[in-house]
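Would you mind keeping the following structure in view while I ask a few things?
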Amino acid sequence: MKPVCLVIGAGAGIGGHVGKRFASGGYHTVFCRRSDKEGLDLLVEQVKAAGGTASGVLLNAVEENTLETLIMETERETGPIEVLLFNLGAQIGNRNLADTSYKAFELGWRMACFALFRVAKTIMPYMAARGGGTLLITSATAALRGNAGQHSHASAIGGRRLLAQSLNAEFAPKGIHIAHIVIDGPVDAPDTLGKLLGPEAFARLRKEKGEGKDALLNPEKLSETYWHLAHQHRSAWTHEIDLRPWTDTPWWNDN
Amino acid sequence: MKPVCLVIGAGAGIGGHVGKRFASGGYHTVFCRRSDKEGLDLLVEQVKAAGGTASGVLLNAVEENTLETLIMETERETGPIEVLLFNLGAQIGNRNLADTSYKAFELGWRMACFALFRVAKTIMPYMAARGGGTLLITSATAALRGNAGQHSHASAIGGRRLLAQSLNAEFAPKGIHIAHIVIDGPVDAPDTLGKLLGPEAFARLRKEKGEGKDALLNPEKLSETYWHLAHQHRSAWTHEIDLRPWTDTPWWNDN
Amino acid sequence: MKPVCLVIGAGAGIGGHVGKRFASGGYHTVFCRRSDKEGLDLLVEQVKAAGGTASGVLLNAVEENTLETLIMETERETGPIEVLLFNLGAQIGNRNLADTSYKAFELGWRMACFALFRVAKTIMPYMAARGGGTLLITSATAALRGNAGQHSHASAIGGRRLLAQSLNAEFAPKGIHIAHIVIDGPVDAPDTLGKLLGPEAFARLRKEKGEGKDALLNPEKLSETYWHLAHQHRSAWTHEIDLRPWTDTPWWNDN
Amino acid sequence: MKPVCLVIGAGAGIGGHVGKRFASGGYHTVFCRRSDKEGLDLLVEQVKAAGGTASGVLLNAVEENTLETLIMETERETGPIEVLLFNLGAQIGNRNLADTSYKAFELGWRMACFALFRVAKTIMPYMAARGGGTLLITSATAALRGNAGQHSHASAIGGRRLLAQSLNAEFAPKGIHIAHIVIDGPVDAPDTLGKLLGPEAFARLRKEKGEGKDALLNPEKLSETYWHLAHQHRSAWTHEIDLRPWTDTPWWNDN
């Protein structure tokens, strides 16, 4: 039986490409996303066309029991989840405090932070019982420091980063590798950055910074680093890593 | 009319002592805490006995509208809040993941992180309209990094730290001073550490490390730093500061 | 006999103002700087005119034995140094790698990092024998992260920051308070920023951001925080603090 | 012609294994170390026995012109250096301030910090002219924070970390990948940890934590991460990464 890679948050960017990378490396990938059945089916088909196996699930991560059921059913029906990629974000663009509602603030936390807690509560007992497994968490610079307009986002994923560290402290010694991956630059991802910017601005950005210039994080290339992290020898595990295009200065630099 | 200092989370430790320090410096202090009417009255009486003015409110910070009403009524009936000390914590001791319920995780966030967001949403418009004011936030080392057993606490106050930075980015240029105060050591506080440890262990700790040895943070002395921060000239504001007893090595050192 | 405050790097900005603040608080201040006898005498006269006592020394900090002799002679002839302010910087403006010579790189380290080591080696035995004392270190954002053109400066003061932490780990438990003060903004200081910019640009900057606008760190006001740190109760010591004008976003924000 | 991988600091641990990994991946490796001709020859022979090509150089990195000459001669006689691993350390064990001489402090800086500056000054013009290249820097937790007894080591490699960031800010946009690799745990390395501990304690440690337990960083396995970093697509480069054995809690945790 193939090991399973479960991708929570599988759009056309990082989530989709990481899932495809693991499928091509011999995993059965379960893609999971909130909406766009067509996009989901496309990912599964791409995997199959390349000779791999995959399946897809639509679910709303902030609803009760959805993530829990997904994990339990995958374990029961598809096989042991060896790699789980938590790829949910909660970037809603910059909004000043007056424009950030209680509801938006809470939703950000439910998506980006509480969802990881629920995932960890559900998957860790399986992985701990097996003495192994990998939890990859896609994160962003906003997990490292707040910024104007980032009340909801920075708070949610900053809290998540410290949750990842707390999980690591408890579960690394049980053989579970937890890696927090800080994406410090724009990703060439139509489902996230594309939607945030709108189609025209995104097309312009792609033309200006994409293919040939490599000034947008290429999610297919990036997926190699996810694969590498998940296959590090346990004597040399990474917990935190940053990534950005060669053209970008890191967040800590003056711009 | 006196300026008002509103203390949210006014126990016998930091909150109570900071409130008394501001009262002795000419502020009217409003002490606010969840329970223990007797303890609350004692704080008010201590202020009055020292020639100051103060009032007290019991409320449950996680209930809807409580903090919002408190702030609006204080502004309307007592006077402009010049200094607001957010002193709510969410330390529940070390618990492994299996023993940290969804409810506990969410409550931690509601107490330590969402409550600050609600407070900021309510007070910032007043302060911004006046072009001035100070928001002091008592925090802890767990806001800087996760640890075993700190799933709820570190995540909640880590998220809060980045919220404080986001608030600062928006409101410092509007004349509002936001300071995040990292308490990196045990406080001689009967209402928090005392309850966490239990009376006997706390008494032993006090004997071993307290008065004369100064190996517990003395909240009366500590309140001088809160006072100082609130009165820094606006050309030289502090956003983050750490504090610990001389006997303790900082969190970043090997122990 | 008065306690002594020794200021190493006493120009017309932070060093001079901190020295004057301590003199007005009852210390005998020893001002020490490399050049400008006139400027040095002026500081001493200002202290005396205000009813205090002070003395001045010219020396080249990077020369052998200068700092060592200064400290030993001050201890022997003036009195116990209770507070030592290390206020030497090594900002040389932004220079790309090709324009940063071996000599410049080494000089930066000698000024900003090795000089603190020499100072610590000389003063710590005195302070440790007395079981008390305070070492204040003026630092800058460049101690926290490198930047383009900061090869020499960031490396020198970044190394110094970790030296300060190593000193703190050894000497705090011996009763010696070490505080690392991160100045994260432009200081209204004619001898440093003024020289870096040149007189005209500095005059323009002052007009645009200075008095009334408070958008430059005012060293006189700032000196209150130095005074406060040096007088924190030992149960509640600060090791690191940041400071910037209200108008400036912190270094970790996007600009 | 093969691309060249130059390893500065090639003992039997990380340096040796990374050099061998690149040789097996098609690079000509130049191993460089201070002493032990026999150990150096062994590395070269191991590469050749595995079908690769390598050469070896003995030199004293702190002496004038040694590193400069090495790089220039390698470029001229062996080929373009595509990957340069800076693997010099300056760990001298824990020494309190009194036992850390000026000479030891300066030597630590010359070895760990100034040597990187010299290397960068020499190699960057070559790489920048070619619009590509990789500089890998082996670092340690002491680059992130000071500790008791680490006056020299933490200061030297903390300064180096900020130098690496400054280099990155200038040279990443010129196509040069600079990665700072934080080794946060004991490495199974006879030439460094082995010498620090002495043969008996090292043998005990190996028995207790080595093979089968994987509680020491295995430099052969670790070299896969160096290889991965050097071959990341330029749209997704890592500047900083941490590594430790699964059994170890990260430096930021309580122990």
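What to note about this one:
Chains: A, B, C and D, in written order; residue numbering restarts at 1 for each.
Criterion: contacts are C-beta pairs under 8 Å (C-beta built on N, C-alpha and C of every residue); 3 or more make two chains touch, one makes a residue touch a chain.
If you're wondering where the values come from, they're calculated on a predicted model, not measured in any experiment.
Counting the residue numbers used at the interface between chain C and chain D, over half appear in both copies, so the two copies meet with largely the same residues. Seen from the Cα centre of chain B, the chain whose own Cα centre is farthest off is D.
Put simply, the C-alpha centre of chain A and that of chain C have 45 angstrom between them. Mean C-alpha positions place chain C and chain D at a centre distance of 34 Å. Per-chain CA centroids place chain A at a distance of 31 Å from chain D.
The residues of chain B that reach two or more other chains are 145-148, 165, 168-169, 249, 252-253, listed in rising order. The touch graph of the protein chains shown is complete. On the chain A side of its complex with chain D, the touching residues are 165, 168-169, 172-173, 175, 177, 188, 214-218, 221-222, 224-225, 228, 232-250, 252-253.
Partner chain C is touched in their complex by these residues of chain D: 96-98, 100, 102, 105-106, 109, 113-114, 117-118, 120-121, 124-125, 142-143, 145-151, 154-156, 158-171.
For chain C in complex with chain A, the residues that touch the partner chain are 144-148, 249, 251-255.
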